[in-house]
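Both complexes below contain chain A, partnered by chain B and then by chain C.
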Partner chain A sequence: MGERLPEPHPLLQVTDLSIRIGSVGENLVDGVSLRMNAGETLCIVGESGCGKSLTALALMGLLPTPPLRLMSGRAEFGGQDLFSLSSQDLNHIRGGEMAMIFQEPMTSLNPALTIGEQIAESVRRHRGGTRTEALDRALEMLRRVRIPAPEKRLGEYPHQMSGGMRQRAMIAMALANDPRLLIADEPTTALDVTVQQQVLDLIRALQAETGAGLVLITHDLGVVAEMADQVAVMYAGRIVESGPVAAIFDDPQHPYTIGLMSSMPALGARSGRLVTIPGIVPPANAMPKGCRFAARCPFAMPDCAKAPPLADLGGGHRVACWNAPLEQAFPAMAVAG
Partner chain B sequence: MSDPDIILEAIALERHFVTRKPMFGAPTVVRAVDGVDLRVRRGETFAIVGESGCGKSTLARLLLRLIDPSGGTIRYEGADLAALAPADLRAKRRDLQFIFQDPFSSLNPRMTVGALIEEPMRTHDIGTPADRPGRVAALLSRVGLMPDYANRYPHEFSGGQRQRIGIARALASGPKVLVGDEPVSALDVSIQAQVVNILEDLKAEFGLTLVIIAHDLAVIRHMADRVAVMYLGKIVEVATVDELFSTPRHPYTAALIAAIPVPQVGARSDARPVEGDPPNPINLPAGCRFQPRCAFAQDVCRAKEPSLQTLPGGRSVACHRAEVMSLTGIAETTDTRTKAAHRRFDLYRAARIAGASPQAAQGNPALPSQE
Partner chain C sequence: MTAVTNIPADAPLPRRRSRVWQRLRGNPSALFGGALVGFFLLIAILAPILPLPGPAATDWNAIRKAPSVAHWLGTDELGRDVLSRMVWGAQASLLAGVVSVAIAMGIGIPLGVMAGYARGWTDAVISRVTEALLAAPFLILAIALAAFLGPSLTNAMIAIGLSAMPIFIRLARGQTLQVMTEDYMESARAVGLGHGVIIWRYIMPNIFPPLLVQATLAIATAIITEASLSFLGLGQQPPAPSWGSMLNTAKGFLEQAPWMALWPGVAIFLVVLGFNLLGDGLRDALDPKGS
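Let's look at the complex of A and B:
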């Protein structure tokens, strides 16, 4: 670990990841490609069932197979393809160079071990050393995640801590082996808003300190705007729009991204009736052919029966929509609007 | 005393739970709701906001006497709900309905949707057995579901659809007050927006009074007329929604507002007016309950618990230092979207209204006309 040379390659590059479940004929995650550089934060945003958590689990090699099946894809991290590693090599990387933070720390921490033992276990597994050294490291990590009275907390069990403290302990464990890549799946969703803010601040500060890359999975566009450098918006298993965070918020192009943003109540003056996305997400066993959003899209046209490619509009802003850029496709409506 | 504008009122309302009763010594008591006064006006949307464990869900249940208070009074249209005999209370429940947070556990899985929605009509002897299916069908289409869903079971529906079923059931008895405990917080953003719109439409159509319990401040900003902020069993501030968000007077309110992640790039502020976690409701701090986390706390705050004081203009706050602090909120003029993004939203809205494309008009067969 230790020194970090400037990397000519992206830290993580995922190409054409597809995942299926059981005998269902359509991919749950379909042709997902992602690319991120060291030190960057990539936010994957979407609603339940869009495939964002499956993507994260696949990267960590935690996909339950069966019932899920990895249909295609490569995930290059540190010059290796994560999907073709032996389980031994994967165990070496996981929790070491690459670590994960889950949504619910109560179910992802071991209730029968103290916080100190759990962190020390991970440290010894990856770095060796004595139990005392590992516990010292655990203490140092609790201090770094700003847990009050860390000496006392080291000997406590997860149930003795509040949700926010548990999530900090989880972060301490994930960062104990200086990972270069941190994958966080809805890390603050279960937390109260004031505690969420503290945990996001902490993740950001530690990331700046360690230079780790962060893949942050969330459904909250507010969290995306605060944290992301790059954003990928997922709908029904596909990336529908991606690019630098400013492009996504200031120039949203995919009708799903726009619909999602307009569904959010404004924080300033009251905005009147919310403009919603009609309908519901298609169920996994009845994915539409072509563009998967077409049935809910106010701009849909006959061409949408074919799946649109994720095309670059410039500056790394990519959109999977036949109508992008929208104003050019609907000049009359743009004027009327 | 009885103001005709006030439809629902809580006076010194308390609910204490005994969590542990040792053989010797004092039992452990959680004061979930600890002396709450509030007045809900006819026809308004009144929101109660707070973080987990503040007692807001207990308060919601007390307001309809789904649980019994340990002390205090609940008045609905002047009648004391806590003193009513069971039969009289049941009759009043026709006017007072509840929407639960979890659409998965609040509908009996063994009843059809039709039977679920019909049940309140049978309980309150509304209509005749012959015309109830017609009422059920009308309620279903009113919440954006197909009338023939009446023959299906709850497990066949998504979370958003189940919440619509819960709303249709709550409306079945023709209530005057709907109390919703986090009615949209289990739903995805796009579905949440659909349900928020339905609640607002129904409120206007039936002249309902809404009491909404929520932790999501953006939803409250959108829906509420007045807001009460709760912290550890007490109300710390009550104000109109515009006043509360633009000029919070309690430091906890300001902290909640500052912690909202704003969907605007570069909007993140580094101001963090609150530290730490909410304390354990079993071991309440001395003095003001918020004082250990409060950046403005002084000796008086540690010594004496502040009471909810009405300020000139009608808003109220429970803080010793409300008069001397200056707190920031989110101005009403705040716009988190750029001009370019606004143009895109206008275009989207125009397309939604036009319903231009045949594919969109068809929509998802599982859920037809939504708006």
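Let's look at the complex of A and C:
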């Protein structure tokens, strides 16, 4: 593993995070380490059930425990270990310095409160002040997320708004207290394609405005290419490849990442079937011992019975594969590539 | 999104409350129930100013007289005006119904929400006690408590309230557990809201509709129970009027003066029917799956 001097003051540094369900079996999230600097966008990519949402929930202290258990790990955010905070201190950070946007805008807002009251509740929790001041701030936030007629929307209930509008309201609520870190768990998955783009543009614009770091969880490589500075690819609870977005897209090294890239439909290429990765993700109660991708991997070999470490290939590009770099293991690929 | 900007700023907006009200208005039996309840409420409130003889004023010249122009509903065995006693009895019945349900909700809802919100041993203790209380039949429990507390209308209300409390604990707990699994609870925690705000602003408003329906139906049960307790001498004490105690007296004169039993019986029937119809209507109107 290549030694690198740690950059000063990362905004968020997660080390060896493991999460398990119950007390027996394999870890659902296994030894995940992440690092991001202020103002950066880190995309966590992977298919459903790979542990990306669990990782996000753990950072927010929102893991349902039990049945889930935090087995190991540290998460340093602004010099504090998130996992050792009291629930009071955690409540202080949540929604204040660190905020989250959820996947389901249709159900993530309280149907009994108006949009304005909901945003104001969060503002008052973290900034204090009067109800009127908090509502003023809510109005300002609705304006900033470009909701039309914000004065009117302030007094409306969630059921009176469309999905895209509600997601904007969620973003307004998340950013109301100027967080330094925003975690967005599939923020556009439940939205129409046209609205998806608007919401992504909005998040990016607001991020540029506020300088907040963004952890964006998605399964959409198109979104990753558009938004990310850093990428972490997760498979079956582990990070299999991570690095700067350019390195991951130009030179994917892990067979899973390569499979993901080639299964993306391209505009114009109509001939032939879409490439798929054979096999399925191993179920949580039957995780293989070594490399968890080995059973589906075209390059699998006997060594894969041992779990490969996340090795640095240079420039922060890390891969957990015994064959990496592939060009050395399979010289023919370098020629073909 | 573009359509939104075209709506004039003063356009009337659909609101949840008005939708419920519209559904309620379109339901004839709920309206009938509401009218019955409203009628009895009105006469109970107006009791002191109606031009009637006092409910305890006896007239030895008019004992067990059939309904007439002077006494519209007849007189009882002491010559008291049955209409006047009915009107004042409505006050006792409705007061008993409302106050006892208020007691049941006031204790039951906080306990139920606490059990559903805190889970763990808090839930275990509250739930086991609730189940033990529910194991005793409602009326038997109320009679036992009323007998223990001593006969009076106030004690009857307390007894009925405590007997009805476990229903509200169980309902509030179940509703809280359900609301706790909603996505918006997660987002409430994600913005760092404290327990107080979560309970008052996120749980209470969302569990309220089914509790309101239960309250309406519970008032009907409480009125019957108050009448039963008064019939047994454990509620309203003579000479103060109560429909239940009027029935008790009337049972000795069924052949000579059937009107003494008829009116309280009809009144209990109608007011209980009214609350039940209103409760059913409210349940349909508040049901999000309804048409």
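In this text, the second predicted complex is superposed on the first by the 320 of 337 C-alpha atoms of A that agree within 3 Å, B and C clash if a C-alpha of one lies under 4 Å from a C-alpha of the other, contacts with A are read in each partner's own complex, and residues count from 1 in each chain.
As a working rule, a contact is a pair of C-beta atoms (placed from the backbone, for glycine too) under 8 Å apart; a residue touches a chain by one contact, two chains touch by 3 or more.
Everything quoted here is computed from the prediction, not taken from an experiment.
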Which of chain B and chain C A:Glu156 touches, first, second, both or neither: second
Partner chain in contact with A:Arg94 - chain B first, chain C second, else both or neither: second
Touched partner set for A:Arg125, first chain B, second chain C, both or neither: second
Of chain B and chain C, the chain that contacts the larger number of chain A residues: B
A:Met60 touches, of chain B and chain C: first, second, both or neither? second
Which of chain B and chain C A:Met165 touches, first, second, both or neither: both
Footprint overlap on chain A, comparing chain B with chain C: 148, 162, 164-165, 195
Chain B-facing residues of chain A, complex: 47-48, 148, 162-165, 192-198, 200-201, 219-226, 245-246, 249-253, 255, 258-271, 273-282, 294-301, 304, 326-327, 330, 333-334, 336-337
Chain A partner contacts - residues on chain C that touch it in the complex: 1, 4-5, 7, 9, 13-16, 182-184, 186-194, 197, 201-202, 205-206
Residues of chain B defined as touching chain A within the complex: 51-52, 158, 160-161, 188-194, 196-197, 200, 215, 217-219, 221-223, 241, 245, 255-256, 258-265, 267-268, 272, 274-278, 330-338, 340-341, 343-352, 354-357, 359-360, 362-364, 366-367, 370-371
Complex contact set, residues of chain A against chain C: 60, 62, 90-96, 99-100, 102, 104, 107-113, 117, 121-122, 125-126, 148-149, 152, 156-157, 159-160, 162, 164-165, 170, 173-174, 195
